[in-house]
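Next come two complexes, and both contain chain A; in the first it sits with chain B, in the second with chain C.
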Partner chain A sequence: MTSRRPLHDIIFFYSLALPAFLIVVILSLLLLSQLGMSIPILRVQGLSTYTTTTWRPMYDPPPDRAWYGLLPAIWGTMVSAVIAILLGLTFTIALVVFMEEIAPRRVREVFSTIIDLMAGLPTVLYGVWGLAFLGPLLHKYVMSPLHSHLSIVPLFSCEPLSGATVFTAGVLLSIMITPFMVALVQESYRSIPYTLKEAAWSLGMTRYEYVLLNMRMIAPSIASAILLGFGRASSETAAVTLVVGNAVNIGFCIFAPAYTISSLIANQFTESQDFPYMLNALFAGGLILLIIGLIVNTIGVLMLRRVRF
Partner chain B sequence: MKGVARGVLAGLVLAVLIVAVGAWLLIGERAPQESTPTSTPTEGSSRVVLLGSGSTFVHPQLDYWAKEFAKRHPNVRIDYNPTGSGTGQTQFMQKVVDFAGSDPPLPTKRWEEALRDPRGVIQMPVVVGAVVMVYNIPGLEGRLKLDGETIALIYLGEIEYWNDERIQRLNPDIKLPNERIIAVHRSDSSGTTHVFTLFLYKASNGKWPRELVEKAIEWPVDKTGRGLGGKGNQGVADLVQRTPYSIGYVEYAYAFLTKLPFALVRNAAGKFVEATSETIAEAAKNAYPKLPPSLEDDFNEAWDAIVYAPGEDSYPITSFVFLIFYKTYPKDKAEAIKKFIEFINTEGLKLIVPGYIPIPEEIAKYNLRALELIREG
Partner chain C sequence: MDKLFTLLVVLVAVLAILPILHIIAYITWRGLPVILSNGLSFFTDLPAAVVEEKPGGIAPALAGTIFMTFTATLIAVPLAMLAAIFSIEFPNHVLTRAVRVASRSLLEVATVLIGMLIFVLLVLPTGRFTALAGSLALAIVMIPYVYTYTELALLSVPRTYIEAAYSLGMKRSQVVFYVTVRIARRGLARGVAIAVTKAMGETAPLLFTAFGAYSVIFGGPLEPASALPLMVFQFIQTGYENWRTLAWGGSFVLLVLYLSVFIIARILVREVKY
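Now for the complex of A and B:
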């Protein structure tokens, strides 16, 4: 450092650094308290907290018979998030290509506005809609036919008994994360230099080949949209709690009611201090959610940086 | 530029570490923390606030009482926070509230602890609650009849279809459909679940195990994929309403609101009884002799006795809802609490929210003994 910086510049620097720094502190405190609250249950049950399927709260009878296994909730979280990603990606690519390559400008603007609006809706609204309309609709026109014709496929092997299933949760989540994924993919798609696009056309590519080429160019951003979308889907709470069925159940069939980690926490947190270790078990669930979220989001953000032209 | 960025980054990491370690130590220091009682707000003698918390079920009724009470005693305000029975009890034990509302009474262990405390403890049943079996069977004609054993088998996942002969036998005059039963239960911890599972234990001829009597349990039916969880009475009622061929249990007051049909349930005398204010009050009357001699005693036996109570016309899934008080209060609060207890056990018996059932006269009289027990100090 050769030249001294003027005082106002230094003050400006610190006034910005402090709040920024605070966020980092808050995140680490969050991680820490999650960890601290999880330790008691991990001490009692060990890592089998994450690998067992029994969720048996007990208070009055001997509490040593109680057990809090999080595997069904972790499984439900994963399954619903994967369904959401698969469907969400289909919607996303279709929407981006349609808006960028096919739709006239007016139509595109209308679509853009609608998608932005969808992203801003309160999640509980999606949940109530899912419970009242989407669930029964999927039950009647999607799940029941799939089960009766394709019940050999393990995924569809169980009879859907109501609209509240892990499949419904996945579909609802896909609708909720699509606007977010579209925003990410569309931005990259737009950043493809026009010279490259022109070159593609000049080579006489068909529209299909052209779109495929463009998609290859922004592949990292699609991957990051998948990861970030996964992060969102796995942590969504209010809407999922209403449609997932809230039953401790684990299996390959996606037409059965299930639990997710966040819906388990939402349902049982309020009175969990009444049951020895239940609160800690819920925190342990939160911890795994936080860890998954951190990993997935970090990779997602790193991938996004790789799109450069 | 890179060097500066790296320096800032290193600084950040270091700072985070320091804060983290500091916080870690701090958290470690503060072992189970003794909570401080709320200091009585220094409001002079003119205005008293009584803080209560607990049972969500009793909330509408208690609110109504509080409003009516305030009309008669404008200097007392009663704030009741519907946090759930368990939280209410915990806050009572921590002395952060003036009274608690709870569906079950204090568990024996907690009651013993409260009794040893200098502030003492008084419990009293203030409302009678009932759990009804709501169902959604499209096209069903006639009223479904069930007994403790069939309900237990449904929630154990052993009875799978509505036309199972064990249900059909109880309903010889109804044609039941050949559809799978979806058993809806509470997904949150709840006093309603506690009452319901206690009934199943007592009325199912040993089919329902004792260890599944709790506010939140591991539902055997979930494992079959035929169980569904709803949050709160409202959540359960919603799911039953939207799910054909389902059954669920909710507080009587909610069935009253949603207009879902509910089953007649076989009582201890072997009769199928509909839940009405008369049959529910009858169960309470028949449980009266089981109340402990003093309000300071353990109420678990009495609570146990009202579920599946004796009597020809008693509705079997009935329970008391309790208010839990301390024995000693600061001067102005003691006055107010006494007035409130007197109010709910005299005039209050007639000020009842639709769907709620008042306690019988003899129990109200029994409750009024609290007026001699509560002291200043």
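Now for the complex of A and C:
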């Protein structure tokens, strides 16, 4: 077959195929580098790298005196991402309902531009704002009051010492992931056939019942937004590192400083080259982040395809 | 009941967009005075020593951002565009499926991992952090955006134009580069603009590649370099008042740069018509 094609077509094919192939190679290298660099620490510590809570960099390699347990960072990632999803989903549904059902056209356009603006803002700018404004604000008006009145609740049981906590990270992340979740939910919401919407109205439904019905119809896309939002929230680095407090810490209280996997990497990478296996431990963190991300995103994209009318 | 529901929706919707408006106002409030009080030297000076009272300037960050964003664009745009053309021209080829998955994954992957990849490939073997390593990391950040937007833009070119071009007896490569790409050029430019906003706003991929350098404005491609987001990230965490001041000024410059490219991308999208 190939030999019958004219030469310029063959050149055309390969000059395009090579760049395409290179992109596939980049992703493969990304996977391989994370895996390859993680193997030494997994050889020494085994899977307990992911299930232990001690983070003790030492010059003597593990398992003797040094130990690199990633569970606190994994826990911090999960907690901040779950907070981000809960708040982000609330924002998302309100924004979609507001833009699709309530707002006049001009207002909707303004909102849509602002949401685009949110989506692309350099994340470090969210970070400095979170550090200087949001953290102190939440500390004074949300965390401290909740702790002093509701400290029986395990989530609020520890005293917030500053604004840099896993809770602040979750709130900041919720703002950052909202535009992505809105894009997903809004597209599905718009794909609901008008005849179905009219039928709902003609039954004399209230706006609340009507919206609830519509949301049920696009439930898979909401699930997908949750998963993809989780992926975004768990992989964010710069902004989270500035507000999460960066302390090795695990517990149910959300008002304590913590690490996420990405902030642990960002914070300890430079010094990790001085300690044996510490760099490998950070790559093991990167590996689990990569695996979580790929799983969550794959399921999320598959869910999205289930919305069909 | 229904009124209460509507009210609640409006309130939460407004609450959701308040932060971005406040961020813009707050960064302007903290950053603009820094620039006004330091004048042009804010853009041309090195950061002052920590013992001094004056903040100095952000020249190394500015130079690094310009160099790395520019070189990353030079690497990423041809690579991603050619790959996207491949996917359009050979939609059933196995490589098309693979490159779509790869692009989609690169889009979602934590960008700090991209920095770690370049660290393993380039920094560890050579033993040094370099501006070029930063460029490569940013190029990988840009690739999936350019790829996705190029694919979308090319798909939106009406089939009739392409068929007309073939009927004139043009070669396949001529049809693609003289007809399809020309018609889709605004869409392509928009993709590049969006990718550029991503590249110049990224911090995480630069942490272990370009690393940050503040003693010269720009040491060259094979020396460590800084970038605006990297400088903001590093200086805002220091205990030195004048460096934090510098970080606020840098934040404002980054914000203005972002808003400019955002507006350019908007103008491009408004004029995509056939």
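In this section, the second predicted complex is superposed on the first by the 282 of 309 C-alpha atoms of A that agree within 3 Å, B and C clash if a C-alpha of one lies under 4 Å from a C-alpha of the other, contacts with A are read in each partner's own complex, and residues count from 1 in each chain.
Heads up, the rule we're going with is that a contact is a pair of C-beta atoms (placed from the backbone, for glycine too) under 8 Å apart; a residue touches a chain by one contact, two chains touch by 3 or more.
Values in this document were obtained by computation on a predicted structure and should not be read as measured data.
K.L.:
For A:Leu131 in the superposed arrangement: first (chain B), second (chain C), both or neither?
P.N.:
both
K.L.:
Contact-wise, after the overlay, does A:Leu161 reach chain B, chain C, both or neither (first, second, both, neither)?
P.N.:
Touch partner of A:Leu161: chain B, not chain C.
K.L.:
After the superposition on A, what does A:Arg65 contact: first (chain B), second (chain C), both or neither?
P.N.:
After superposing on A, A:Arg65 lies in contact with chain B but is clear of chain C.
K.L.:
Touch check for A:Leu290: first (chain B), second (chain C), both, or neither?
P.N.:
Second partner only, chain C.
K.L.:
Between chain B (first) and chain C (second), which does A:Trp75 come into contact with in this model arrangement: first, second, both, or neither?
P.N.:
Neither: A:Trp75 stays clear of chain B and chain C.
K.L.:
Have a look at where A:Glu271 lands relative to chain B and chain C in the superposition and call it first, second, both or neither.
P.N.:
first
K.L.:
Using the superposition described at the top, determine whether chain B or chain C touches more residues of chain A.
P.N.:
C
K.L.:
Which partner does A:Gln34 reach: the first (chain B), the second (chain C), both, or neither?
P.N.:
Only chain C is touched by A:Gln34; chain B is not.
K.L.:
Please work out whether A:Tyr189 is in contact with chain B alone, chain C alone, both, or neither, and reply first, second, both or neither.
P.N.:
So A:Tyr189 meets neither chain B nor chain C here.
K.L.:
If we overlay the two complexes on their shared chain A, which of chain B and chain C does A:Val24 touch? Say first, second, both or neither.
P.N.:
both
K.L.:
Same chain A residues contacting chain B and chain C, which ones?
P.N.:
17, 21, 24, 29, 33, 36, 131-132, 241, 266, 270
K.L.:
Which residues of chain A touch chain C in the complex?
P.N.:
The touching residues are 6, 8-9, 11-13, 15-24, 26-27, 29-30, 33-34, 36-37, 90-92, 94-95, 97-99, 102, 111, 113-118, 120-129, 131-134, 175, 178, 206-208, 211, 228, 231-232, 234-238, 241-242, 262, 265-266, 269-270, 282-283, 286, 289-290, 293-294, 297, 301.
K.L.:
Chain B touches which residues of chain A in the complex?
P.N.:
Residues of chain A touching chain B: 17, 21, 24-25, 28-29, 32-33, 36, 54-61, 65, 131-132, 135-136, 158-159, 161-164, 241, 245-249, 251, 253, 256-257, 259, 266-268, 270-275.
K.L.:
In their complex, what parts of chain B are in touch with chain A?
P.N.:
On the chain B side, the touching residues are 8, 12, 15-16, 19-20, 23-24, 27, 83-87, 89-90, 107, 180, 182, 187-190, 210-211, 213-219, 222-223, 225-231, 238-239, 242-246.
K.L.:
Considering the complex alone, what residue numbers of chain C touch chain A?
P.N.:
1-2, 5-6, 8-13, 15-17, 19-23, 26-27, 30, 78-80, 82-83, 85-87, 89-90, 93, 95-96, 98-99, 101-106, 108-114, 116-117, 120-121, 140, 143, 147, 171-173, 176, 194, 197-198, 200-204, 207-208, 229, 232-233, 236-237, 247-248, 251, 254-255, 258, 262, 266
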